[in-house]
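The following pair of complexes shares a single chain, chain A, combined with chain B in the former and chain C in the latter.
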Partner chain A sequence: MGTGGPSAALLAVGLLALAAVMAASAHGVLAERASGGSAARGLTRPFSEAARLLRQRRRATVAADRLLWRSGGAGLGVIPLLMVAVVPVGGTALFDSAVGVVWFNTADVIVWALVWLLGWGANSTYGLVGGYRFLAGALGYELPLMFALTAPAVAAASLRVSDVVAAQRDLWFVVWMPVAFVVMCLGIAGFSVWGPLSPGAATDLAGGVLAELSGPDRLLVQAGRYLLLAAGSAVAVCLFLGGGSGPLLPEGLWLLVKTVVLLGVLVVLRRRLPLLRPDRFLEIGWLILLPATLLQLLVVSVVVVGGR
Partner chain B sequence: MLVVFVILAVIAVLAGAMVFVVDSMARATYALAVSFIAVGVALLVLRLEYLGVITILMMVMEMAIMAIYMIMFMGMNPALMPMSMVHGKRAALGAAIGTFLLLVVGILLVPWPVRPEPAAASTQELGSALMGSKMLVMMTVSPIMFAAIVAGVSLASARTRYDRFGDDLDHAPTDPQPGGVGR
Partner chain C sequence: MGMTSALGRLASRSLHVLLVETPGAFELRAAVERSCRERGWPLAVSPTDADVVLICGRDGDALGEAVDAVWRQVPGPRARGEIRSPSEVEATLDRLAAVVTGWRPEQDPIADIGAGRANDAGNGHDDHHAPDDGTDDHTDDESDEEMDMSGPGGIPLASGAEDRDGLEMDQLHLRLGPVLPCWPAGLAVWCSLQGDVVTEIEVETAPVGQVSPHPSVAAAVRLDAAGQLLRLAGADDLATAAHRARDVLLADPTGPESELESESESANLTASLRRRVERAWILRWSLRGLGVVEQVDAADHGWSPIWVGDVWDRLLRLLEPMTEPFTPVQLDEVAAALPLLLPGRELATARLVVASLVAQQAAYADVQALGTGA
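Let's look at the complex of A and B:
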C-alpha cells in the first residue's frame, strides 16, 4: 500500500463522480416512474438538472452573509474528495493515512458546519430552520456512527483504511458487524442530507437549507450531496464489504461495483422509508442505535481479545 | 515544512483575532473554527496525525453545537443581528496578557523531552499513556466532566422528570412532542 500521485487522484475522483451520477440517475428513474413519467427522462435527470441550474440566474436575498453561504456550498464539494482520499483504489490511496478512519469521521463532522452555514448564510427563515433541523438530526446519527466506525478499526487493530481492508481477506466485516454496517448506512444518509435523514432540506420547509439556493450554487450543493453519498458508500465498502477484494476483476473495478451496488440499495430503500423528523429520530438514535452499536462494539472487542 | 508551519501558525493567529473583529456571531464562531483547523493541520505537519485530525473533529463539532446554543439561550436573539464581539474590555485584556505571559514562561521553562526523530507510532504512544501513566487523571476527569454536563443540563432544563412523570414519578410522560420510540 502506498500513497498515490496525480493519476491515482484523477482515478479516484473520476470513479467517485461516476458513482455519484449513477446514484442520481437511479433516483431520477425511480422518481419519474413513481410519478408516471418516462424512465429515459429520469435517467438523464442529473444532466438536464445541471444544464438548467447552470443557465439559471442567481437569486439574491437581503443581507445574506455571502462569505459563509458560499463557503458552505463550496465545502460540500470538497469534503467528499477528502473522504475518498483515504480509500485505497487499486492498491493505492491518495493519502494512506495511519488514522484514515478518524480522518473520514472528521470529514463527515465538518459537514455539520457546512450545512448550518448554508442555512445561515441565506438570511432566510426556512434556511435557518433547516440548518438547525439538520444539526438536531446530526446529534442523533453522529454518535452511533462514531462507534460504528470504531468496530472495524478494533477488529483490524488499525485506523488505516487499507489495513481494515486487508483484515477482511477471509471474512467481510459486515457478516459479524451487521449493526455497525446498518448504522454506517444511516450515517451516510445523514451527512449527505439525503433520503430519510433530510428533514433539513425537506419540502415542508420549502427546501430548508436549499430554499434560497439557485443556479450554480444549488448545483454545487446538490452534486455535493450525491458525492457525499458516493464517498460514504465507498468508505463503507472498504470498512465492511471487503474493499476492492474479489475474484477475476481488478481491485479498482470491484470497489466501484460494490460501491454502486450499495448506492443502488440505498436509492431503492430511500423510496420505502419515511422522513425521520429530528424530534423522533433523536430518541431512536440515543435509545436504540447507540446502545445497539455499543453492544456490537462489545461483541467485536470480545471476539478480538478472545481470538488472540 | 517550516514555511508551511509558519503559514498555518499565522492563519491560526489571524483567524483567532478575527473572532473579536467581526460583528456577527456566526462569523466569530467559524473564524474560531478556522483557527482551530489551522492548528490541527499544523499538528498534521508535525506528524502528530491522530492529534491533528481529532483536534479538527472536536473543534468543528464544538462550533456547530455552539451555533445551536447561541440561538437557543440568547434572549431576544441578538445572535441573529450584527453585534460587537467584545465586552468587559479592560478585564479581558488583562486576563489575555496574563495568560499569554504565563504560557510563554511555561513554554520556555519546561524541560522539553528531546527526541532524535518523529515518533513512528504516536497514536499508540498516546493510547498507552492514556491507559497507563495518565490513567488516574483520565479516570478522575471523566466523571467530573460528565457530572458537570448532567448538572448543567438539569439546571438549564425547564421541564424536569417531575413535570414529565408527575410528583410520584408514576404517570405516563406528558411530553409536548412524542419521542421516536413510542414511550
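Let's look at the complex of A and C:
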C-alpha cells in the first residue's frame, strides 16, 4: 500500500462525487415515485436543484456572523474529502495513515462544530435551535459510533484502513460485527445531517440550520451532506464490507459498486423512516446502541484474543 | 447568456413554492399543492427556501403585512402571486414560473432594512435581512453603535427570565404563523423561548373562513391535516400518500358517478394509508406520549373529548372513516387551550401538538357545518 499522488486524488474525489450524485438521484426517484411523478424527473432532481441554487441570490440575515456561518458551510464540503483520503482506492490511499480510523473519527466529530456554526452564524432562532438540536442528536449517535469504529480496528490489530481491508480477505467483518455495522450506518446518517437523523435540519424547525441559507451557500451545504453520506459509506465499505476486494472487477470498481449499493440501501431506508427526534433517539442511543456496541466490542476482543 | 438561460430553464423544473393560505381557502391551497406535486415543485419549508410565494384566497390586511415580511426573506429569483379560484391555478403557476425564469437581480433589488425592526416576522424568523454582496460587513458593524437598540443590527438584546429551574436565562421571541408551512390558517402564536423550550405564548386568531360543507371536503380536510402532521414528523412518503388521497376526494367531479368513484377510491387509499401508519412502529414510538390531554383535564377545561390522548392517537383519529358528527371545536377554543398545552414543550414538539389539535378543529368544524346544512 502506498500513498497516492494527484491523479489518485482526482480519481478519489471524482468517484466520491459520482457516488454522492447517484445517492441524491436515487433519493429523487424514490420521492417522485411516492408522489406519482416520473422517474426521469427524480433522476435529474439533483441537477435542477443545483441549477436553482446557483442562480439564487446570496442573502444574509442582519448581524449574521458571516465568517463562522460560511466556515460551517465550507467545512461541510471539506470534511468528506478528508474522510476519503484514508480510503484505499485501487491499492493506494491518498493518505494511508497508520491511524486512518482515528482520522476518520476526528473528521466526523468536526462536523459537530460545523453544523452548530451553521446554526449559530445565521443569527436566527430556527438556526440556533437547529444547531443545538443537532448536538443533542449527535450525543445519541457519536459515542456508539466511536465504539463501533474500534471493533474492526481491534479485529485487524491496526488502525490503518488498508490493514483493516486486508484483514477481511477471508471473511467480511459485517458477518461477525453486525451491530457495529448498523451503528456505523446510523452514524453516517447522523454526521451527514440526513434523513431520519437530521433533527437539526428538519421540517418542524422550518429547516433548522438550513432555514436561512440561500444560493451557493445552501448548495455547498446540501452537496456536503451527500458527499458526507458517500464518504461515510466508502469508509464503512472498507471497515465492514471487505473494501475493494472481489472477483473479476478491478479493486476501485468493487469499492464503488459496494459503496453505491450501501448508499442505495440507506436511501431506501430513509424514505421509510420518520424523523428520530433527539428526545426519543437519545434513549435508543444510550440505553440500547451503546451497551450493544460495547457487547459487540467484547465479543470481537474475545474472538481476537482466543484466536491467537 | 445561453448558459444563464439554460440554467434558468433547468432550475424552473423544481421551483420551491411557499403557500399562504387565507382562512377558508383550504380547497384552493389543496388544488395548488396538487398542481405543484404534479409539476415536481417542492413546497418550501421556509421563506429562504422559496422561489414563489403564492397567496391562496383573498389577501387580508393583517396577512398582507405578514406576507410582506415573508417576501423580504425570499432571496430571488422570485415571484409572488395570488390565486382566487381553482380555475386560475395552472395559468398562475405557469406565469410565476416564467417570471422566475426571466428574473434579473437589477429589476428586483432587495429592500433596504429598516433599523430595529425586531419581531416583525411573518414566518417566525427574525426579520432582519441585509443585502449581501460580501462587501458591507464593516458598514454593518459601524452602524450598530449608532443605534438606540444597543444590540447587533438594531435588534434589542435578549432579556432574561427565570427558567424551569428558577435560574436566570435569556429569552427569545418568535412568532409562529400566520404564514408558515404545515401550520393552520388563521392562527398566529407569539412564543417566548428559553433555549428551544416554549415558556409563554400569546395567541391571535383570524376569523375562520367558510369551507364548503360538502362531506368529501370535510373528509379531505382531515386527510390534509394528517398529511401536514406526518410531514412535520418527517414521514414524507406517508404525508404524500395522505395528500394524494385528499386530492382524489377533491378532484373535479364531472358527474355524480365519478364523485362516487373518487369517494370510494379515496376511502381505499385512506384505509391503506391507515394500515401503513399503524404499521409504522417507529413513527408511533416517536409520537407516543407527546401533547397528552388527559380525560380529566379535557372535562375540567371544557375541551372537546376528541383531543383526549397524545399526538399519535389524534393522528389515527384523523385517518378513521368519518362516521358521526362530533362536538365541534372552534379555533377560539384551540387558542384558549394552547397557553395550557404549549409552555414547557420544545419548539418542534409544540408544532406537532398544534398540528394535531387544530387538525381536529378543522375536521369537526366541518362536520358541524354538515349537520346544520342538512
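Going forward, the second predicted complex is superposed on the first by the 308 of 308 C-alpha atoms of A that agree within 3 Å, B and C clash if a C-alpha of one lies under 4 Å from a C-alpha of the other, contacts with A are read in each partner's own complex, and residues count from 1 in each chain.
Note that a contact is a pair of C-beta atoms (placed from the backbone, for glycine too) under 8 Å apart; a residue touches a chain by one contact, two chains touch by 3 or more.
Fair warning: this is a prediction, and the values are worked out from it, not measured in the lab.
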{"item": "Partner chain in contact with A:98 - chain B first, chain C second, else both or neither", "value": "first"}
{"item": "First, second, both or neither for A:41, with chain B first and chain C second", "value": "second"}
{"item": "Chain B versus chain C as contact partner of A:280, first or second or both or neither", "value": "both"}
{"item": "Which superposed partner A:106 touches (first chain B, second chain C, both, neither)", "value": "first"}
{"item": "Most chain A residues touched (candidates chain B, chain C)", "value": "C"}
{"item": "Partner chain(s) touched by A:200 [first = chain B, second = chain C, both, neither]", "value": "neither"}
{"item": "Touching partner for A:232 - first (chain B), second (chain C), both, neither", "value": "neither"}
{"item": "Which of chain B and chain C A:288 touches, first, second, both or neither", "value": "first"}
{"item": "Touched partner set for A:117, first chain B, second chain C, both or neither", "value": "first"}
{"item": "Touching partner for A:132 - first (chain B), second (chain C), both, neither", "value": "both"}
{"item": "Doubly contacted residues of chain A, that is, touched by chain B and again by chain C", "value": "132, 276, 279-280"}
{"item": "Contacting residues of chain A [partner chain C, same complex]", "value": "30-32, 34-37, 41, 44-45, 47-49, 51-52, 54-64, 66, 123-126, 129, 132-133, 196, 199, 202-207, 210-215, 218, 271-277, 279-280"}
{"item": "Touching residues (chain side chain A, partner chain B) in the complex", "value": "65, 67-68, 71, 97-99, 102-103, 105-106, 109-110, 112-113, 116-117, 120, 132, 135-136, 138, 142, 159, 276, 279-284, 287-288"}
{"item": "Chain C - residues contacting chain A, complex", "value": "4, 7-8, 10-11, 13-16, 37-38, 40, 45-46, 48-49, 51, 73, 75-77, 105, 110, 113, 123-126, 128-130, 132, 134, 137, 140, 144, 151-155, 172, 174, 180-182, 193, 195-196, 230-238, 240-241, 244, 280, 282-283, 285-286, 346-349, 351-352"}
{"item": "Chain A-touching residues of chain B, taken from the complex the two chains share", "value": "24, 26-27, 30, 33, 49-50, 53-54, 56-57, 60-61, 63-65, 67-68, 71, 123, 177-181, 183"}
